[in-house]
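The same subunit A turns up in both complexes below, where it pairs with subunit B and then with subunit C.
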Partner chain A sequence: MSHGVRVRDIVDALECEVAAGIGHLDNEVSFGYSSDLLSDVMAGAGPGDVWVTVQVHQNIVAVGSLTGVSAIVVAGGAKPAPETVLKADEEGIPLLTTTKPSFEVIGLLYLMGIRGRVRE
Partner chain B sequence: MRLEYHVTGRDFQAAGEAAAKIKRTLRQIGIDAETARRVGIVAYEAEMNIVIHAYCGIVGIDILPQRVNIYADDEGPGISDIALAMQVGYSTAPEDIREMGFGAGLGLPNMKRYSDELEVTSQVGSGTSIRAVINLPAKEEG
Partner chain C sequence: MRLFLTDLHIHTALSPCAENEMTPPAIITAAQAKGLEIIGICDHNSAENVEAVVKAGAVCGITVIGGIEVQTVEDVHVLTFFRHPDALSAWQKEVYSALPEVENDEERFGEQLIMDSNGRVTGKLCTFLLGSTSMSVDYVAKRVRELDGLVIPAHVDRPSFSLIRNLGFVPDMLEPCCMEISRNISAEEARDRFPSIARFPLVKSSDAHRLSEIACYTGIWIESASWDEILLALKFDKGRSVTLRDTIM
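Coming up: the complex of A and B.
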């Protein structure tokens, strides 16, 4: 975790929109995780991760909150539901949106030095 | 100390809130982050199982000096083959729910993986009960 990346660095690098959680862009990022299956994220993501998904309904905030991720990136131009945005603001989780597909997002995050969380 | 929450089937609006409250409360009373995370995951999967499959139910925890007991009881269709339901990837969730990223067949395996003891009992046509135990880490002598 020596890359020292914060969520605002990701916003800059991906040129993405901040849909929620604007007050938490100084969150430090530990690892990255990508999945659209929520139970897989529950099992695999960890504290401080940046989570890349195309799911947009509000349960992604519950999953993000329970796993303790530092930010959720909604990739591929998917638009978070209004309740998702509200919830993310309530929970203080940055919700970033980009038209870049997941593969591009993950590639850019990797170039920033962020690596995947490897399960024990 | 006991926390208990009512869960309504198909209520995806509130889904995950019971688990979030449980995890938050554990942190507030000084339970370590890793234990709170494990309890949160097990409670979340139990809660989501009720939302996805049952009509209604409860999810709760008992916080004891050496462990946290998690329980979930629902009124629902029950599980006819529990061994099969424990297998990674097996799910009876309908397609619309899978599209939301639920019903990947990981719920019960996740519960097993993150708990120290897990017991699933079910009566078809009546409901399902889950009992999980997560041991607290031994306190260091100070």
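Coming up: the complex of A and C.
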């Protein structure tokens, strides 16, 4: 568990744009998760995770909401669909975008002290 | 009303991953041998061989529904079928313009053969077909319906290139439609393992890439092998229906 990292810190450190959920940047970040297969995210991500993906379909918001992630980072310059942005605002999930590829994003998050959940 | 044995998902030699033995007449002969009366031709991101298979099928009384297996931007495979050949041509143009401009590497991926109804090679497609288009699954569903077409998410139970694997559950935009399951799973197990498809009608297809894979897992109860009748069956409307088999019929 990372101590004291908030979504706002990620926005600053990664120079992300905030596409949605601007009122929820004080969400605390517990762990990190990365996958572009939403069924895998549903099974693997957990509450408070920052989730890194290149998927932009509106289902990412439902999956983010279901798993309780603290933020979704859309990496690699992918542009979230307008419905995705609307839904993220409705659900109050920070939707961050960056042109940095997933690998860079995850590396930077790791340097901030965020780790993956290690399951037994 | 009677049962028409159906396999809606068959590739031709145009798909680089399919065997070159998948010629229009060979597909029809194999389909006939299996007792199929309705088949769907769905190559990856292209419909260049549809007309040839339709022609080859007409000679033997096999109804061929022309389509394209589109790969969406989310890496989801979606079968798209059309009532009118003109709509299929229009759709093919849109799919081509949404594909990355990458040339096929025959050595690595296989040839992309265009054929006539006798199975003679008339050309090769240069654009690599095994890529993702820039179109989202929602857009594909919307656009295909505008063109009076039918959308069926392909092999939703598979661990890759599937709607459920890649997008987690069925997006609202796709309703109403039916889902295709692969030959690896029974309808009962599919509904059990993937609750979000439980409320949809299912078809089960071979996704044949070689002749020996062409098979009948789906029977459709209809009056005649027409587009309208098939649509009714896929909706379980007016007494029409679809029956799936776990083993080959």
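We take it that the second predicted complex is superposed on the first by the 118 of 120 C-alpha atoms of A that agree within 3 Å, B and C clash if a C-alpha of one lies under 4 Å from a C-alpha of the other, contacts with A are read in each partner's own complex, and residues count from 1 in each chain.
The definition used in the following text is that contacts are C-beta pairs under 8 Å (C-beta built on N, C-alpha and C of every residue); 3 or more make two chains touch, one makes a residue touch a chain.
Remember, it's a predicted structure, so these values are computed and weren't measured experimentally.
J.: Looking at subunit A, does subunit B or subunit C touch a larger number of its residues?
T.: Counted on subunit A, the partner with more touching residues turns out to be B.
J.: When the two structures are overlaid on chain A, which partner does A:47 contact: first (subunit B), second (subunit C), both, or neither?
T.: First partner only, subunit B.
J.: Based on the superposed arrangement, let me know which partner A:68 touches: subunit B (first), subunit C (second), both, or neither?
T.: First partner only.
J.: If you stack the two complexes on chain A, which partner ends up touching A:81: first (subunit B), second (subunit C), both, or neither?
T.: second
J.: Per the contact definition in the header, classify A:38: touching subunit B only (first), subunit C only (second), both, or neither.
T.: both
J.: Using the superposition on chain A described above, determine whether A:58 touches subunit B (first), subunit C (second), both, or neither.
T.: Both partners, subunit B and subunit C.
J.: Can you list the residues of subunit A that meet both subunit B and subunit C?
T.: Common interface on subunit A, subunit B vs subunit C: 36-40, 42, 55, 57-59, 62-63, 83.
J.: State the interface residues of subunit C toward subunit A in the complex, per the touch definition above.
T.: Its residues touching subunit A are 74-75, 136-138, 164-169, 171.
J.: Flag every residue of subunit A that touches subunit C in the complex, lowest number first.
T.: Residues 36-42, 55-59, 62-63, 81, 83 of subunit A touch subunit C in their complex.
J.: Please name which positions on subunit B make contact with subunit A in the complex.
T.: 12-13, 15-17, 19-20, 23, 33, 37, 40-41, 44-45, 48, 100-102, 104, 106-107, 110, 113-114
J.: Which part of subunit A faces subunit B closely enough to touch in the complex?
T.: 36-40, 42-43, 47, 53, 55, 57-63, 65-68, 83
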